[in-house]
Each structure stands twice: as C-alpha cells, then as structure tokens.
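Below you'll find the structures, each written out as structure tokens.
Here come two complexes built around chain A, the first alongside chain B, the second alongside chain C.
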Partner chain A sequence: MDAVEKANAERQKRWIKDQKVGEGTYAVVYRGHEASTGKKIAIKKIKVGQFKDGLDMSAIREVKYLRELHHQNIIALFDVFSSKTNLNLVLEFLDADLELIIKDRSIVFLPADIKSWLAMTLRGLEFCHRNWVLHRDLKPNNLLIASDGQLKIADFGLARDFADPGYKMTCQVITRWYRPPELLFGSRYYSTAVDIWSVGCIFAELMLRIPYLPGESDVDQLRTTFRALGTPTEEDWPGHTKLPHYVAVGQFPKPPLRDLFTAATADALNLLSKCLIYEPRKRISARDALNHPYFFALPNPTNPAKLPKSASQLAPRPLEEVDGNVDPSGSAAAPGTKAAGTAARLKRKASVSEAETRAVARRLDFTLSSSQRSP
Partner chain B sequence: MSKSGWLRGTTVRKGLGSSQNTRASTPQVQSTSTTIFGGGVKDATGKVSEYSSMEDQCPVCKSDRYLNPKLRLLVSACYHKMCESCIDRLFTLGPAPCPICGKTLRKLAFMPQTFEDLFVEKEVAVRRRLAKEFNKRREDFTDLRAYNDYLEQVEDIMFNLINDIDVAKTEDRIKQYRIENAALIEANIQKDESYAAQLREQEETERSTRAERARELEKEEDEERRAREAVERELLNNLEHSSTDALKLVAKSRAELAKREQARKASAGAAQSRAGVLRSRAVMSAIPDEPHVPLQDNWYAYEDKFVLKDDYFDPLSEAVKKDREGIMRAGGYRVEEAWERAIRCAVAGLDVPPSSELSAVQSVVPHVDLAGDVVMASA
Partner chain C sequence: MAVDDNRRVPLYEGSTQYRNWRFSPDKLQETRSSLNAAAVAGIRKAFEADSAVPRTRQPGSSANVSFLTPEEENLLVKLYIGKISQLCGLFKFSEEVEATAITYLKRFYLKNTVMDWHPKNVMLTALFLATKTTNHPISLEFYASHIPKTTPSDVLDLEFLVAQSLGFEFSVWHAHRALWGLWLDIQTLPDISITTLSQVQEIALQQIRASRLTDAELIYTPSQIALACLSLASSDLAKQWAESKGSLSVLAIVENIQQLIAGEGTDPEVEAVREVDKRLRLCKNPEKVPGSKAYLAKKAEEEATALARRSKKADDVKKAMEAGDPFGDELGMREGALDDDD
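Coming up: the complex of A and B.
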C-alpha cells in the first residue's frame, strides 16, 4: 500500500455511512456521521464507469468549486475520498430545500421571511461571483436549508469560472424556468448577470408561491418571459437581435409588475425589476442588490433561526432534497437503471419537466468544455 | 400551475389579461352571455368557465386576440369555432350553413368552449347526453360480468358517436335501448334525484348547525361578560357594606375570575386560526430580527493595489474587442472582467505569510488567508 492509498484509507475511516437516502444516475447519497464527533453528514458516492470519459463532468466541477468556496451560505464539502473505483464527496447534511417550503401550503410567508431568504441567497451568490464563479443552476430546489435556518447554495455541477476571452461558454445551462433570455437566445459569452436573473425568478416565486415564468419549451420560455415583462426593444437591449439563436416570438406590451405582485412593497418591486432587466450589463449585481433599499426598509429580515420550516422536512427524503445535486433526468435518459424508481417517486414538477433538457445540457457541456481545454 | 385552472372560473379583468395569461397556459374568462344554451362545463359555483388563450384566432374572419382583446370564440353544433361577430353576421337572419363544413346551424345552438381541445368538448357533450339514459347501476345486474359487458357496450356507443362512426346505426341502438329499459331508466333517474336531495339536505343541516354553534358562542360570550360584571358589582357591594378585610375580598373575587377564565379557555379548545398562527410566529421567540447587513465580511475593505488599464495587449481577446457592439455585448460579457480577474488572482495572495498556508495544508480546507477568505488557487 503506497502513501496515497494509506492517506485515502485514513480519510475514509473518518466517516461512517448510515443509510442510503437516495439514488440518481450518477450518484448515490448516504446519510452518515463523523466517526469522532457524530456530526451528521451526507456522503455522495459518484459512480464511475457509467461515463466513457471517466468521471462525470459535474462531479469534477462540484469538487473543484466546493473545495475552494467556503461561506456560510454555500454548502460545505468536508472531504473527498475514493473507495474502490468510486469517488465519495462528504457534504454538509441539510434536510430541506426552498422548493419544499414554497410548496408547503400550510406555511405562511411573512414579507420579512422572503427578505431573509433572498439576502442569504444573494450573500452566497456574491461570494461565488467575487471569486469569479458562475453557479449557472440557481433554483429553489438547489437552495438548501440548514437546521438553524441558514440557506445554502448547493449543486455546483454546472458551475464554472469566468471564461477567458476567446473561450465560448455553453448556453445550455440553468433550469429553463430560471434561464435568462440571453441564454435562450444562445449567447456564448455571458456574465454573472445570468445568475441574477435566476435570483429574480426565485424572488418572484417566493412572493407568488408558484413558479413565475413556467415555459413549456425553450421558445415558450421566451414567449412566457416577454408576456410577463414585455418584448424587449433594441433600445432596451442593444444587439439582442444579433444573438445566434435569436427568434422573434411576438410583440407583447409591458404590463406593470404591480398587477401580479399586488401585495409587494415598492422597494421589493424595484429590486425585482432590476434583477429582471433584459440588458445583462444593466442588470443589478449581487453586491448592489444587497445594498438595495429593500433590505434596509422595515420589517427587518427574519432571523434565520425563526424562519418557517416544513413539517415534512423531518422525515427522511430522497436524494434531491438532501442535496440538490443528483440529476433526476439521468434516470429518464437511462431507463432500466435503479435510479428510475427514485425519479418516479420524486414527482417534482420542475425537475421532471426539465428532464430532457438537463440530460442534454450536461452532456453538451461536457464535450464542449473538454474540447475547449484541449488547444 | 394549477391543473384545474379552467374549472375554477376566476375572474380575469377584460382587456388587460396579459399578466394573468402569463401564469397559466389556459387562462379563463367567465361566461357573461345569456344567449348560450347547453354546452360548456359548470364549475362548483354553477358558472360555465370558458377557455380562451392569447393565440385565439377566429378561423372565419381571422381576427385574433392581439387585434381584438375582447374576442370570444363559440363552438357550433358541428364543433367548429368562430367569433361572436361572425355568428351575428352569418346567423342573425335565420339558419345558415357552417362556413367550414356546410352543416346548417342556428344562432342559438352555439355554445361556449370549456376545453382547449374541441374533441374533448365533444366527448364531454356526448357523455353527458348518454349518461342521462345509460344510467344502470351495479345492483341492476345479476353478476359483475353482465355489468361489465353493459359498460363495455356503453363505451362502444360513445366511441362511435364521438368519432362519427355509423351514427345512424348507433342512434337506432340507443333508441332501442331506451324503449327496452324505459321503466328502469325512470327508476334510476328518480333514485339519483332522491340521492341528490338527500345530499342537499345534509349540507343544509350542516350549515344550520354551524350557524347554531356561532350563535351559541356569541351567547356564551355575552353571559361571560355579564357574569364578570356581576362579580365586580358584588365585590363593590361587599367592600361598601361588609366588615371583612378588603384585601381578602379582592383576592377572593380575583380567584373566582381566574377560575372562570380557565374553564372558558379549556372549552374553547385548540382551534386556532391561520392568522393566529401567523401572529404567534411573529411574537414566537425572543430572538430579535437584526437590521440588514449587506455583507458579513470585510472583503471589500481592502484597497486594491493595482489600477486596471483601459486596454491590454491580449491576442486572445481580439475577437471580443472587435465585436464590442455585437453578440458578446448582448450576452453581457465584458473582457475587462477577464483582465481584472487575471490581475486580481496574480496579486491576491501577496500579503499572506507562507506559514499560515502551510498549516492549512493538513486540514481539508484549502488555501484560506488570515481573514478567512478564500484565495483562488490555480490547480
């Protein structure tokens, strides 16, 4: 046994697997604890060998970014070790996600609760952006809630650092309902503004309690977006008609946000509209958003310890909820694997309707990034 | 999105529907017309909900919702759509042929559309018509087999009618069935009616019990108040006339009040309203809500020790620089950010003493500087 193997075995001994909590195509998640302290953790075992090119790209991305990003509002990666041919990620154990809470009709949200969740999301995101990382898959499902109420951004499987000039990025990222128009129009050069759009959609969803822009296909997503926010003009968003996949989807007038968000304060609507500006360069940055008057106006954001919790979060739940990382779409792409059962149990609308695109997105992403790196 | 949006019949402000329309693919407008006969599906409140969408277009005059936001499409007896103004134009002077299939139509026989798919609309109409007569129940058959055969037969008839297969023959079959089973049909209709009446009665009783309970509660509260007043009055009386110690008297009446209060609370039970939950949450804990602090670290407290230039010699960014107003601009990409990142990464770790980095190697935590901030390390 050489030194590396020894070190690996040492690490493996630190963590005890308890029971399996979920399975997806490319990973199995176990609940576990640290041998010495008994601290609860989640172990995510990545299956190797399913993908011809070795490790799945999202696993590599996840390890790459989580190893570097340490913040109160970002899921913690405690350790990485290998067992036989598998890669194991030891992650913070979190038992709820924001989607679950939004969907729990028995919970009433106070305006201060929404403010608190939004501020925590933006703080985590600001930390990613200041370290030049784009998350590229923000959605309520990927915002996990710790037992002390802290919100943590998870699933860095689609994250990447800023592209150097001359390197294209893929536009097949971000779950459709949270995808900004520049990506829908196929832009290959984009910026942190894509994550802000997702935050805007999540903010709206927190107020409405239903997804704000639920498009049924990529073109329908554009139509839905424009119907809600008006079709952009060349003045609103210079150059958008030159984007690679530009299509005209009809002219819609811009209705006032107030019509839909009847109970929101003027500050809240102002921040929302700044997150949903078509021109990415004008869209508010995470740092500016945190300094927006909305957050300073009364009521103060709810203390995380007092935020409402879902009653169902106490019961053990399958993978996606433990850690938004495993792709339910995988099972759709590869029927016959064990994962199919898990996905069927998880009839969660957003993820399921997203199934096909996501599978493609990850694949696409993979090949693109590897070919980019080769020269 | 609500699956039963079309059934709920929520009111949509006319002429301005776009914000609502973005939220559900099948928005709904409530029927306001009185000229309609039959058709449509009624919701719980007894109103017919109508299907309409942003893509509606009248197949006859090609007017669409964009040009005419008040566009309302009705469905003919032959299941073709057209708008109200076309119907007025074509059928006001009496029966006329359908402009699409040529069948003779009357103005009054147009019905509102409930379902997006007209085929479903037709199926619902056929099923409703047949359900009136084909109303046999399981009890009317000797065994399950016979009942299943009967159901199968009904489905056959429905299928034929819905898909226009052998319509004449099928109609004959229905007529024959009607003649053969006239008595049973009548009996079953009466049974259904009596069941419905029973249900109504039950609801009525429930409603009256609820009202009764509310009245009782009110009475109880009234009594409670009166009792308390009586106690107070008695106390005052006693204080005025009796020779006992005043303090003792006050204590006695307080205890009495407290006992009453407790009894009332116990009987009131744990019925707590939603608003109550909300209020209790607001005062729930003593943890104060702190005012907002944008960022909880001092990352931006550092002063940059470099100045970003307007331009750099950077062969890789030639394409980006050339396309300043093109696709890269619209995507929000700025080459300046890539330059800033490169410079920042180059200088970020310069003040960190090497020893702190060495000690960090043992733990899993990667390169962290003194302030706990992560320094981007290149692989």
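Coming up: the complex of A and C.
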C-alpha cells in the first residue's frame, strides 16, 4: 500500500461511526466518536462518485476553508479522509442550531441571550472576513450550537475568498430570506456587506422569533424587504437602479423599526438598522458591529453555558438541517443538492402571516432581567 | 479556550501552508531521499514478485535495474511544471490556477514518487483540481477533450490520491499575490517614476514565474519571494520599499532566493529529462502498470479483502436474523459495523 493510502487508512481508523443521523442525495451524516478518547464527533460522508466532474465544488469549498479557519465560533474540522468514492469530513459534534432554538416555543429569550448569540455570530464572521473569506449562506440553520452553548458558524459550501475589485462573482448565493437587495438586483461585485445583511436578518429573527423578511420569490423578496424598510431612494443608495436585475417593485414608506420591534432597546435598533443599510458600502462591518454600544450597554450578554437550550436538541436532526449545501436559489444550479427539501421548508415558513409576526413580537417578554431566570 | 485569543496569530501563521508545507532545504532533501529509498525498496520487491520466468525469480533479479535518484525524480517533476504553464496558456487559465496547480504538483511529490505515479498524469489531475479549488471550475469533458490522448477517467482516477496527498489542504498563498501588494505599496512611495513602474512589475512577475520552477515556495514565504523578485527587477525600489517599512533587514534573505531563482529557475534540458524518462519506463512500479503480474496480484489481494469484508457483513446480518431480530442490534452498539463502504 502506498504511504498516502496508508496514512488515509490510519486516519480512518481514528474515527468510529456510531449512528446514522440523516441521509440525502449529497451526504450522509453520522454521529460518532474518536476511537482513542471517546470524544463525540459528527462524520459527514459526501458521495463523490456520482458527480461526473469529480469532487464537487461545495465539498471542495467546505474543506478548503474549514482546513484554514480555526476559531471558537467556527465549526471545527478535525480530519478528512476518503473511503472508496466517498469523502468523509470529521466535524465537531454539535447538538442544535439556532433555528431549532428560535422555533422552540417553550423557550423565552432574554435580551441578554440574543446579545450573546449575536456576539458569537459576529465574532466568527469577523474572523472569516479578516481571513478574506465570505460565507455567503448565513442563516439560523447554519449557526450551530455546541453543548457548552458556544455558537459555531457552519456550512462553508458556498464560501469563497473575496475577489479582487472588478472581478465578477455570482449573485446566486445566500438563502433568499437572508439575501441582501444588491444580490437580488444582480450585483456581481460585492463584499463582506452581503454577510452583514444576513446577520441583520438573523438579529431581527432572534427578536421576532419568526423570519423577518420571508419573501416567496426573488421579486417578492425585494417587495417584502422594501415594505419592511422602505423603498430605497437614489440618495439612500446611489446607483442601485442601474444594477443588472433592477426592477421597480413599488414605493413603500419607511416605517420606524420601533413599530415592529416594540421591546428592543435604542442601541439594539441602531445596530440592527446599521446591518440593514441599503448602500452596501455604508453597511456596518463585522468588526465595527462588535464595537457597537449595544454590546457595551447592559444587560451583559448571557454566558454561553447559561443560554437556553432546546429540549429537542439531542434528537437526531432531519437531514436538511445537518446536510450542508443547500442551493439557496432553490434552482437546480448546484448538482445533487436537496432543493426539494428547501422549497418545502420555505413554503412552510412563508405561510406565517404578518399579523402573526406582530403578535409574536409583542408577546416577547423583554422586561425580565437575567437574574430572574431560575438556574 | 478563550485564552488563545490573547495572542492573535498572524493570518499567514494560521494557514496550513505555514504549518505543514514549509521546509528547510535540508529537510526537503531528506524528505525526497527517504521517499526515493522507500520506493526503490518497494519496487525491487514487486519486481521480484513480477518476474515472469521462474529462473529469474531470485533475490537480485532487480539488481541491474537502474532506479531514479531523488534529483532525477525532481528533474522530471520540473519538466511537468513547465507543461502546466503551457496548458494554462492553452486554456487561458488565470495566474491563480496555474500557480496553485504547480504547488499541488510539488506537494504531491513530497508524499509520492514518480516511479509510482508518472507526473504526466498527476499534472493533469493537479491542474483540474486547481481549477475547482480556485473557484474557476470547468467541465471535465471539456478539459479532457482539449488535451491529446486524455479521457475524463485519466484525470478523475487520480483525484482522490492527489487530494489525499495534499492532506485536503487546498488553500495556497502565492508569491504573485504578495507582489501585487508590494506593487500597490510602491506606488505610494515618494519620488517614484510611475512610467518605469509597470516595466518593473512585468519583470518582477517574470521572476515570480521562474521561481515556480524552484523549491522557493517550499522554503520561503510568499512575501519573501515577492520581494526577491522585485529586487531582481529593481533593487533600488526593493530597497526603498524596505526602508519605508523601517526594516532593511528583510533584504538579507532576498539574496538566497535570488540565487535559487538564478540557479534553478529555468526549464530543464529536454535531452536530460528524456533520458530520465526512458529509464523510468524500466524502473516504474509494476504494481501500477495495468496488466502486469504484480498489478494483477495486488488487485486480487484487494478484492479478497473486500470479499472478506462483505461476507463478514452478511454473516453479521445472518446472525442477527438467527438471534430473532431481523433488524439487528441497536445500531449504536456496534461501532459502525454496518457501514458498507469503508
């Protein structure tokens, strides 16, 4: 056996698969452990043989970036090995994701909890951006939660290095509800600001407990966005009407954020509004967001270990949640993805009416302080 | 776990390139020598197993085979670095793709030997993989159809092996990017004649390309190589730049790199390589030659192992059936015994 094959076989022996927790066209996910230490891990087995162009781009991107990025708030890739025609990624084992927690109606979020999740998201993202990596698919479903409460950015299947200025990138990235208007308008030159828009949507969703901008199609996404934040003017966002896919979707006034986010502090709304600035160049950076007064005002962010957990989080997750590589456009652009699952999920979520949004927002209790929660 | 955050590691030092793919010149030589020695020993054995005529099946039947030396192996690899550049010209691939493919080829031969895997094939796979890892994917069919005598499976068959050899570390930091940074810096220096700048840049880039034929990237950082190349194009500019950064000392290392580029940064003589390639035909690993006895023996051995595994699995299922539970034990209790493909 070649030295390289031998090394691969040895790597393989280090990790034991215990239980299949999901299967799809693109990957199978197992729960497992490290043979020598018993440390829990997840193994994502990517079926490569079916792709006529060999290793597929999502797998390559995921491996490429996770091999380089080591940070407390980014999922750890412990090892990679191949078995026959499969690529196996040995990942940190993570119990839950933020979507699961947001949806668990039995949990009450305190403002300090939201601050903690947002801070961890921004720390991980700032690290990506500092390393010249755009994530391009941030959403609650891709923010995984470790058993110690640490939030970890996962699924780098759409990530890339930023291109040089003037070099085109695809605008078919980021799951629609979290996609910024410049991408919806077909901008092919963009930067870190696209991820920040997604963070803004996630921040809003943490406060509302339902998706903030659930558009049903790309055009509807623009309409939903403008209805929530006002139609941008030339002054707000110079030149946006000249973007390749620009369409006028109607004039909407800009309602105060306060109308929807009734219980949020002024600092929180100020940071939210800076994440959702239309002009990408004016949108706040991850670094500046971390230095925003919101994070220095009381209440202090909840210690991750004390963040609320979902009761259902130890149950095996359905594959659409563990499997990476969702094609965010819902089209057949990426081979072997599970667009059908995504479409079903989008439909389910989109059925939530706006009236319900408001009711939920009001129902949130922001008056408790963290000390009142029983340990 | 938060303790590490106190010392912010420079970005480059966090990279797999810094951690796993930098060597001292001695270490590099040692790596190649021991790889070569192990390969020669292994192939000698395979030869003896492969000897068709019984009377030659004796220790010493490979004694008169002239194996390649580490230097000769390297010479052959170097020839194929040049071929990557030619192919990149043909396909109009970017500098990024070309540089990445070249790095992959060099790294591959720090884990493998040309006597097992001919660089002609590895080069094609390394380049195809590089188009994907640098985010410039093209279809395999298009790729293979534009290269003479190449089928898609020629490229794909080695993809896993190449990826494994690279340790699945696909990210590479290149000297030409560092040069770009220097070039931007230089334009902000006082008293610079802008007109000569682009000429300097062009010459420096040529030197960077020459450096790819050497071991420079396995020894030095991209920015050191870039500065050396800038210095080759205009030592005054390099000096001014270093002064402006307040560290003239960085120029000290540049000289070593310049010598390396001057000494090694040219395509090898075709005649010399041809001679090496001719000998390679006689000393390559028979286990990798389809149809040879050693190849068939190895295949048979692999199949026997796979068969044993399959029948063990069938046994397990049968036992489970006999135990009365057709679905077997709780999955979690069996340490992955049911996983069918590893």
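Rule of thumb we're sticking to: the second predicted complex is superposed on the first by the 317 of 375 C-alpha atoms of A that agree within 3 Å, B and C clash if a C-alpha of one lies under 4 Å from a C-alpha of the other, contacts with A are read in each partner's own complex, and residues count from 1 in each chain.
Just so we're on the same page, a residue touches a chain if its C-beta (ideal position, glycine included) is under 8 Å from a C-beta of that chain, and two chains touch if they have at least 3 such contacts.
Values in this document were obtained by computation on a predicted structure and should not be read as measured data.
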item: Per-residue touch tally on chain A - higher for chain B or for chain C; value: B
item: Which of chain B and chain C A:19 touches, first, second, both or neither; value: second
item: Contacts of A:126 with chain B and chain C, given as first, second, both or neither; value: first
item: First (chain B), second (chain C), both or neither touched by A:228; value: first
item: Which of chain B and chain C A:8 touches, first, second, both or neither; value: second
item: Partner chain(s) touched by A:68 [first = chain B, second = chain C, both, neither]; value: both
item: Partner chain(s) touched by A:296 [first = chain B, second = chain C, both, neither]; value: first
item: Chain A residues contacted in one complex by chain B, in the other by chain C; value: 64, 67-68, 70, 72, 80, 130-131
item: Chain A partner contacts - residues on chain B that touch it in the complex; value: 1, 16, 18-23, 25, 54, 66, 274, 277-278, 281-282, 284-285, 287-292, 294-296, 299-300, 314, 316-320, 325-335, 337-338, 341-342, 345, 364-366, 368, 372, 374, 376-377, 379
item: Complex contact set, residues of chain C against chain A; value: 1-2, 5, 11, 14-16, 35, 38, 111-112, 116, 128-129, 132-133, 135, 137, 139-141, 152, 155-156, 159-161, 163-165, 167-171, 331-332, 335-336, 339, 341-342
item: Of all residues in chain A, those that touch chain C in their complex; value: 2-5, 7-8, 12, 16-20, 30, 32, 48, 52-55, 57, 60-61, 63-65, 67-68, 70, 72, 80-88, 130-131, 160-161
item: Residues of chain A touching chain B in the complex; value: 64, 67-70, 72, 78-80, 108, 110, 112, 115, 119, 123, 126, 130-132, 162-166, 182, 185, 187-191, 193-194, 210-211, 213-214, 216, 224, 227-228, 237-240, 242-244, 250, 252-253, 255-256, 259-260, 279-281, 283, 287, 290-291, 295-296, 299-303, 305-306, 308
